[in-house]
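Shared between the two complexes below is chain A, which has chain B as its partner in the first and chain C in the second.
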Partner chain A sequence: MKRTTLALASVALLAAGYTGTASAQAKEQFVPANGYWVGPYAPGGSGIFGGFLDYLKMINARDGGVNGVKFTWEKCETEYNNARGVECYERSKKKGPTGATMIHPLSTGITYSLIEKGTADKIPIVSIGYGRTSAADGRVFPYVFPLITTYWSQATAMIKFIASKEGGTAKLKGKKIVLVYHDSAYGKEPHAVLQKMAEQYGYELTLLAVPHPGNEQQSQWLQIRQIKPNWVILWGWGVMNPTAIKAAAKIGFPRNKMIGVWWSGAEEDVIPAGSAAKGYMAAGFNISGANFPVIQDIKKNVYAKGEGEMEDQSRIGSIFYNRGVVFAIVTVEAVRKAQEKYGKGQSMTGEQVRWGLENLDISEAYLKKLGATGFMQPLKVSCLDHEGGGQVKFQQWDGTKWNVITDWITADKALVRPMIEEDAAKYAKEKGITPRDCSKES
Partner chain B sequence: MTFFIEVLAGGLLAGVMYSLVALGFVLIYKASGVFNFAQGAMVFLAALTFVSLLEMGWNFWLALLVTLVVMVGVGVLTERIVLRPLVNQPPITLFMATIGLTFVLEGLSQMVWGSQPHGLELGIADVPMEWLSEKWNINISKFDLFAAAVAGVLVASLAVFFQKTRIGRALRAVADDHQAALAVGISLQHIWAIVWAVAGFVALVAGMMWGVRNGVQYALTFTALKALPVLILGGFESVPGAIIGGLIIGASEKVAEVYLGPYVGGGIESWFAYVIALVFLLVRPQGLFGEKIIDRV
Partner chain C sequence: MLYREAGQFKSTYAEDMQIFPIRQDRIGVILLLAVAFLVVPFVATQYWFSALLIPFLVLSLATLGLNILTGYAGQISLGTAAFMAVGAFMAYNAELRIPGMPLLGSFIIGGLCAAAVGVVFGLPSLRIKGFYLAVATLACQFFVLWAINRVGWFTNYSSSGVISAQKMVILGYTFDTPASKYVLTLSIVVVLALLAKNLMRSETGRAFMAVRDMDVAAEVIGIPMMKTKLLAFAISSFYCGVAGALYAYCYLGTVEPEAFVLDLSFRVLFMVIIGGVGSIMGSFVGAAFITLLPIFLNLATEVIANTFDIEISHAVVSNAELMIFGGLIIFFLIVEPNGLARLWQIAKEKLRLWPFPH
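Take a look at the complex of A and B:
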């Protein structure tokens, strides 16, 4: 019955564009929840925004908000569609007493569409684990935050991981690596980095495109059978992921030689593949599990009162759900940081929260305080570096759950950073932007 | 050469999967002249209902039977609520109605069963047959052969149904000439309800096969896109056309992707199928097995 009610709300949401607000507060901090709860990518969208909103509810219920300022939000269905994403942005940017705190577009395409708008409107665009990698150069992109880790960082961490399995980077020479990628801007993001590393380490890289939506991959996997690679990197999304895992089984390619990007490494990617997914590995900037104190706090303060977002409570603690909690931790801590500078107990503007994001320092000790030790990596953002982290863990599916198999692996920043700066400088030149002097930022 | 045979065989077997979806389109078009845009959504609804019932602990056959009842119900309701009020309207109106039906079915499916992906196993592993791999170094999946056998049985059953049963003859009569069929006392509404119910059954079979391959999730609605070039090539009114069309499309797109793809950046198979279909359209607009329309002017 509850499912039906929720689904009816989703249909209404489609028609009206949003589902209403949380109750108005005297002191409130408005955060748009522009995501997707219907359509092909609903499993990702509903899981991430489920965790995101549950954490905000928990902060409101347990702590009374941040210094008395409670979070409010409004859902807007983007359907993972650029035009609707921009529409949702326009609708939500002036809501609340101080406008939108920040936007989590949850789509690389929508992020690209909002880079200039967010900058002009002074609303931070936060793209955690997606979006434009070179926006990590905060001198050129003051309002864009591809936080925690970027696609390029991840690609280098994947090669490091493969090297560790092969016995060191020297052993990569002559090895064959195939990248099976979603034929879109998202899927093409790691090409340059992987090619550069191929020149550096001497492995042979083959790029195989899979047309959208990726529900038929026989040709690509027959080519893989002929190439006989040592490793396959899967850069997929949605139905492409289980289809690839099944196709690998179909040609007899070992799943424990197959590594997915973090958008190919959720329960929703492996469960549909059934037993074929056993042994498959994926990168992640957050891990799964419901035993973390932060998740237990959500259960205690939100679900015990029947106010949780997830109808299927078995999804609490899943990869997507926990990722949403990470998004929310960053949101809350940026507001807290901004309040330290601009006034405790006050609603912050987008411009003030931008400062908060740029000065975020979530240390290991602070993560412990949040009940999130090991749940996410420490994060230190600066004017120069809008990524702040750059580490990933690797996990392996055992047929029923993800198991973490590495500690945090740091990206090859010496390789990635010059590429980021080069691309950002090119963007600045195209748009006539004068990069900020970070030494003058306080 | 071995690799080429493998690509070709894989393509032909993939084509069978496309044909399974295309059959549903053909049945409805053949009997009513309606291009049912909602066939992909019916595949999704059928598979999602079936797998959800299984996950609730239902017996396989009971879940299958109940899903079949649901699909027949959807077919009958579609005839009553959508098609009957639109009798004698232009074909484009009926086509637009099926577009609306697509979104209703997609929304209803997720409303009732949720939007989470599900795994589906039918007890036949989607892994290569070892003896073929070892002896000839050719990889053919057991499940692909099973799907081909299912398609064969389905086509044979439909052929018997159309040729040997009274309802089947009535269906053919309606397909040939609505007015003449009405004149001899055949109920158009009755026939349409039956054919939509049969299309629902075909959607269930296609949904189960595709569900095993990709998981049961919203993306099953995209299978309709795979069926379109098959229909253009095979003809909208021909059951054998759907099969032959599927085989040609499946084989050509795989061969093109493997041998032509690397020269143009890859990822060409989805649109290459439409290139073949367009070429056929230019040469033979009615498709390989479609009826040539000759109007007296």
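Take a look at the complex of A and C:
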């Protein structure tokens, strides 16, 4: 045993040493790409990181980086698995001249595992549209940014949307709503807020869990047939989504009464369900489509040179791909903001980028400059509010593409914010954290 | 030459019965421990601690637990991850709800609760064996996760079912750096591994092995079946429970019940099979093989791609890793069905005769 471990250890040491010194050059900004390209969630992971890296490549090629600082990255396969995600985080956090800029864990479970590690290592953990909702309270979670919108915000927006379809919140009384959710931390995030709204509006809420990975949903949909709900909210991920849509078609539940979360509303979720998906609706914090100037710039500066990430170019402009572009826009702008304070043309550390994220202000006019008007929502982050946006659009699948059917619907912040603060305060008490005083932050 | 026990005379029974009867083994183990305790904490990087060493040690402990049950007492179990979950969540609750609870006390409570669950789900082993028992323990796997998911008390009514480990303080010292967590994990694992090694040389251990080899014969010579089997379940689950607590506290810091799915049970079972069924050392080798090899393959492909400057699509690399990993498992099982520990044993035999094999 001693000899084998010794041999293994020395080889591994060589490998670790090699990767440690791989990219030690100045004027670079290292961004880890810890995602997943294999396994049941690969369509999401590969699409999002495809868009993410393409945008960074485009910024490098078109603008020469941010004030001359070019982005570098390294992919690490997490397999959507917490243990591997932590391994990737540890591997990537010290790379580049200033360490990891920020981490996009792309998994709620991994985000949870990294909250404390990132805070200790001073590396921002950015979970756009997933992760721990109560981390939006920046006083307790200085290094965690559930940006743009959170699960709780989305849940309130969904109920608002249902109410608008039913003809006002008063009509919600006595209506039956079923939540079909992925049985994990991710799927359980909306329970509290949906239940609270059920008390407020008087609808009946039924929670139906689907075990991972979700390719077996017979019994859940039989139950739905018995309950005869007015609306079904689908809180799924990966292979669970098309399965649910097909199961709904099988029992004859109308798909235009079925609303998916933004992780259930991509092309990859509906195309496998075929014609069954027609009429199905989903929330989204970004829009699909390749006609936005920002996507055209990527095509011109990256794909024209044959350097794009996507092997299947028809996926450019898909929901997941565009979401990755949104992730990258936030990343780049946070670095730009940090450079304004800490020195233009310098590589930023995680701590400096944290300041950039907290003072991020992407206005409608700035979005126009980026070529992303209507592509994503304006974003204004503060020490108190690490979410920033809180709006979603709803879209409907017509059998070939997603059509946006609403304008930005704002979350019920009056309901969500107190819950966030309550949960964050509970966390702070458990952990013995003294919340920051935001009036003293600059 | 180097590895030969000639000239090592034993003049007392105590000497004859010590854990490592051969002097070279003793020196080797002491050296290994000295390096692990005194050198590694100062030379290893954070990456080594958090991503390689701690998970390796924690899973070694879980493998050791399963090895006691499967390897020594011959009872197949697919509930390892469930026992780990019980340990993790009960340690969390003990720390949360009992004021002034020492951390190690919480770990022990976690282990004891896992042992209790183990005994309950071990009851079917009195009537059924082999695959049927595996299915019964499978029920444990699903039941425990179901209970943790559904009963809010276990997760302190966390909205997402995630628990976050409390600060680890022992005698006023806070274990918050990766190196200190490593030392804590290592200490617990070493103590429990030595206990296990000793246990297997005792009457209880021999009773386990008798039951494994032929339970009817064991009963005839007077080994109480119920006590022995349930004790095996209890001890094994205790080890798994402590491993689970370490998994939550020292490794991830935050766990959701989904961290302990069936997949983990299978992985631990594979560690036992690959490392060596019925071998303490095999547990460590097996855990190293299953946890570290995929990471090593990942790093290796990166190095190869960088050195030779080949553009390989990341998805291809990731899939290839899984294939190579699977291939290596099959290769080792064909070459040595008794596990990697057996290879070491053969090597030792050869070393004894070297350089004059007869």
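The rule we apply is simple: the second predicted complex is superposed on the first by the 416 of 442 C-alpha atoms of A that agree within 3 Å, B and C clash if a C-alpha of one lies under 4 Å from a C-alpha of the other, contacts with A are read in each partner's own complex, and residues count from 1 in each chain.
Heads up, the rule we're going with is that contacts are C-beta pairs under 8 Å (C-beta built on N, C-alpha and C of every residue); 3 or more make two chains touch, one makes a residue touch a chain.
Just so you know, these numbers come straight off a predicted model, no measurement behind them.
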Which superposed partner A:Asp183 touches (first chain B, second chain C, both, neither): both
Which superposed partner A:Gln226 touches (first chain B, second chain C, both, neither): first
First, second, both or neither for A:Trp37, with chain B first and chain C second: both
First (chain B), second (chain C), both or neither touched by A:Ser46: both
Partner chain in contact with A:Glu311 - chain B first, chain C second, else both or neither: both
Chain B versus chain C as contact partner of A:Lys250, first or second or both or neither: first
Partner chain(s) touched by A:Pro242 [first = chain B, second = chain C, both, neither]: first
First, second, both or neither for A:Glu116, with chain B first and chain C second: second
Touching partner for A:His212 - first (chain B), second (chain C), both, neither: both
Contact residues common to both interfaces of chain A (with chain B and with chain C): 3-4, 8, 11, 37-38, 42, 46, 183, 209, 212, 311
Chain A to chain C touching residues, read off their complex: 1-5, 8, 11-12, 15-16, 18-20, 22, 37-38, 42, 46, 75-77, 79, 82-83, 86-87, 90-91, 93-94, 108-109, 112-113, 115-117, 120, 132, 183-186, 188-189, 191-192, 209, 212, 311, 423, 427, 430-432
Touching residues on chain A, where the partner in the complex is chain B: 3-4, 7-8, 10-11, 14, 37-40, 42-43, 46, 183, 207-213, 215-216, 218-220, 222-223, 225-226, 238-239, 242-243, 246, 249-252, 268, 271-276, 311-312, 315
Complex contacts: residues of chain B adjacent to chain A: 3, 6-7, 10-11, 14, 107, 110-112, 114-121, 126-128, 133, 139, 141, 210, 213-219, 222-223, 226, 253-254, 257-258, 261, 265-271
Residue numbers on chain C that touch chain A, as the complex places them: 28, 32, 45-48, 50-52, 55, 96, 149, 159-162, 164, 166-167, 176, 251-256, 258-259, 261, 281, 284-285, 288, 292, 295-296, 298-300, 302-303, 306, 313-315, 317-319, 321-322, 340-341, 344, 347
